[in-house]
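Residue numbering begins at 1 within each chain, and the chains themselves are lettered A, B, C and D in the order written.
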């Protein structure tokens, strides 16, 4: 069995990795690290894992981690992964990084929204892990820059249409809504129950760090500059992300053609479920799973396409897509360990 | 004291009217009607009112209602008000109707999305009750068509800008999100707690009945046809509505100019609170009150204005604005009975 | 593969059976029935199952169901199962009934809280399906009366202590709290989102139908009459049930002895997780799973044991325990298909 | 107008004081202090107050506060009030303290669960502010120890019955459930939205600091030692507290007698609403108000009284009762500023 380590296992994305990997038939969790909880059994931090996960959290040590793993997930705040991924890579480990550090091929784009990049030479080796879109490159990758949750929810519906020139590449609007687990387990007044309940609001309007990530990928697919106005909002719920996209059609394109463009692109890819009838996707239907549900409606009066996606921000938006990428890298069925049926209610 | 009746008092908007009117210093609740609960004390239906409201619900009777009221709120499903408003009007009662029946000056627009209109002659007498925008006409009105919650959340931010020609009248997008109390107290699986919790989704995409209502009012203000793409979404919370609007600016307009356009239009109107600093409004900050909070950001890279509003769908979006209209009609301070401070948490 | 039918598949317990059985390695879902949705694909009722469950709902037909199943779950309101279980039994099908119809060995006890029992002769054949307590009898049963969610949450913590005479059999108090999915998918104002959110209350105080079910089982285990005061409460959440039990200790019994009594009784039974340190169980830690978490504290000042349990009312309290019983009846590992790790958040 | 200061205005109880006092007809908010937010306008911390509260938070200064107030509320963590209340008192200010520091007449009882008491001489001057029970003493008090939320929810239903000897003073059980705003605005993982949602659990089982507070007051009323087993639980909602009490009746006492005992004790006290018909109180019906709703059922089979209360933990359990006490101290109508109608939904 492939031995797997999770660096930063006690944040929400890390814990979700543990949930999925603990039930994976072809890999074995061998190392969990946590700066804050070194020495504490993982199930004492997340009691739900009692009886299911016996590992103890440990402080990160390069040698020890390399000795006991074949593949490593890094679920750390950005800037930390670029300090340790070079070492893991040098030791021959495959790495899937859930931060932004290895998502950009252009260090300048990264630096414009984050900080100085100290492992720029590895950017050429890293592949953007949008599983269904860059499958072939992921197969042979050593380092994956796993997409952010917002970009995943924006790119999966748009990628096929942008690639085929079906939507006008300028003037795309993405109105996204995310559950609060996306803000992580860090302490902040804004994440307290009493502040989130019965609250809905936008934040970082047209100024979110994920906008350049989306534009770099879309422009690459379109072969021309793609502009996007991105407005994220915070939902009073834990998990789930919905994005409603507005774009001008490049011509008088039939619903059937739009459906086929999406369906052809994602043929045989189980995690993408596309509604033929314009039914809007609901976050509840993907909760706890790796699904991305898509729906669309054309506002013919205004020649405008309305395209909607729903994902679980912690699964398809983070840990689930990361495991899917691992499966692809290891030559496994991409669904391995991800056969998760959502709750009916 | 002015005697006030509420026809259809046991739906959510009706009950919210009772809440506000029970604490109003210048009027007295005199009649509550309910088909379903005739003969039942109101506080047995809504236990929270025990000790605060002693009235019993009664079946509607034109004569009895007219004998015991000076002004009447109708909080019924559309189509019912047009059956009784003519009689109330003929008996000299002022009427504020919370349904769509008296919102349109053009019966054809109404009929295109609802049903045949059987009281068309009264449409010329009715005034659209967007309190801060049509104040003068409301002062002398006999019949008010009280705006829907979605139109209120769209029109209050847009009205000043459209009137001044600051935004391009075509290509406006309204992405709205509503708490589920907007669906009312009627029984449907979609409104059950277990179906709503941890769920977020769009519905009636670009096909909602409120779109023509918005376009009629905006076109009137702009003096030219205004087009809007409107997509409503359902939030996992009871009360609250947020709308994020996207529009092209008609020129290179400074933030300060935008702020002044809004601030001038709403000068002296306490219920409109405008953020100078682009802070997005939060539904929590208006909960239970008649406030409409506004904020905006210009995405200069794309020449696009992002305009946001937050209201309580049951208050400024229904019962609160209705009482504000009553205040204006009666020559009272428009804030009377509406001095509601939202909870800090 | 054993062929399995679910009669009444579209209620919440039925849909949860579908969720669990769809992922079960040793059985195959072959029939789903629904009066209301006959002819509709199951995944059109519960969209989350799109791509995972292809079966269509059908009207119940005795012959057709018997031809195509080996074992049948009945997830119907009480009174309906006793009409069809005799026919299923006569056709040699094993039956697991989730209603109250086959929970009582004494028809009089059933009739005192429900209605006339029309299949009394089968009561002698039916076994009360409290999986960890009546395992041996379940192995050879043809008909299982699957326990209610409240009784499961009360009986699992109490059974070992009552059997050993460790608590005084009179004067037991059970203060239970349930998520609203327990009320099912039926339409009622009390189940609407806007009525449940931010609400907590008791209901059917000391008058709930589950009290006799609890007392019959406990008295059987104790070999003497056991009295219980049972007060259920409704929680503002979908899934989860917590019960806090108060009982007098029959002597000066050490914490260690109490722990051992519970631990010995449930040795080797993975779904029962007992805290050694008095940590109160949390419904979040069992959500979506078949676990029953237990904790206890002795209030030594008052010689009183406080015993707490947490389950998911739809899983260990309904569908999960039903599948566990099926596993036991079929000679499978009792955990088959129930290896569900709860979400960390 | 009486000038009022709030020391510690930015915690949840402090902010709730601001909400209520801002709408009070007979007093004027003159000072708000906050260590953390000195120099920040209050409405920038709680945006909901924009346009309603103009005061700026300031650091505490004894002289400055005494110059500009007549009465002072201290809403600080325990141990801090006993440092400043002596100074306020020496300057002739009336003080209402929301912490535990002045709730005990016996310093030893305080010290057994908190810390060394450094202002013991003032305990003789302070009055326990359970408004409806100790009204006469509150009228003439200089210092009020405002009750905790849990004790309020336990004492209001029990006080009349314990005083009349109707329940057996030993063997009382209080099973309480609180919304999370009771934990305050302090940062802790346990208060994060994603940790609280869909979670219900007990905590500090039979070990909560409020137990001695309850027992001291009840024993005083009963004239004999009263024992209580108290188990608090945490609800997935912001505001609201329900307590279900279990007690043995001291004889064969009719429901009518029980009702009259409660009704007589609270005759003329609007905030106590008692159900005659055994209807369990619902936290939703008191939300945002100073009501305490009571209901009871006798489990005649077991001779046990089940008594239930519902309050808003931040209002009747904290800020509302504090303002009610201020009203009584100032000779105002006890309802002044507290005429708050709860939301219907």
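Side notes on the structure shown:
Basically, contacts are C-beta pairs under 8 Å (C-beta built on N, C-alpha and C of every residue); 3 or more make two chains touch, one makes a residue touch a chain.
The shown structure was predicted, so the numbers you read here are calculated from the model rather than taken from an experiment.
Ranked by separation of Cα centres from chain B, the top chain is C.
Centres computed as Cα averages put chain A at a distance of 39 Å from chain B.
Put simply, the C-alpha centre of chain B and that of chain C have 46 angstrom between them.
With centres defined as mean CA coordinates, chain D is found 37 Å away from chain B.
Rounded to whole angstrom units, the spacing between the C-alpha centres of chain A and chain D is 46. Those residues of chain D in touch with two or more other chains are numbered 12, 181, 185, 194-195, 197-198, 236-239, 282, 284, 287, 345.
If touching chains are joined by edges, the resulting network of the protein chains shown connects every chain directly with every other. Those residues of chain B lying in contact with chain A across their complex are 170-171, 173, 175, 177, 194-195, 197-203, 205-207, 227, 229, 231, 233, 235-240, 242, 244, 246, 278, 280-284, 287, 297, 299, 301-302, 304, 306, 308, 310, 345. Only residues 12, 15-16, 18-19, 22-23, 46-52, 181, 185, 198, 238-239, 270, 273, 279, 282, 284-288, 291, 293, 314, 339, 341-345 of chain D touch chain B when the two sit together in their complex. Contact residues on chain A toward chain D in their complex (touch as defined above): 12, 180-181, 185, 187-189, 191-198, 236-238.
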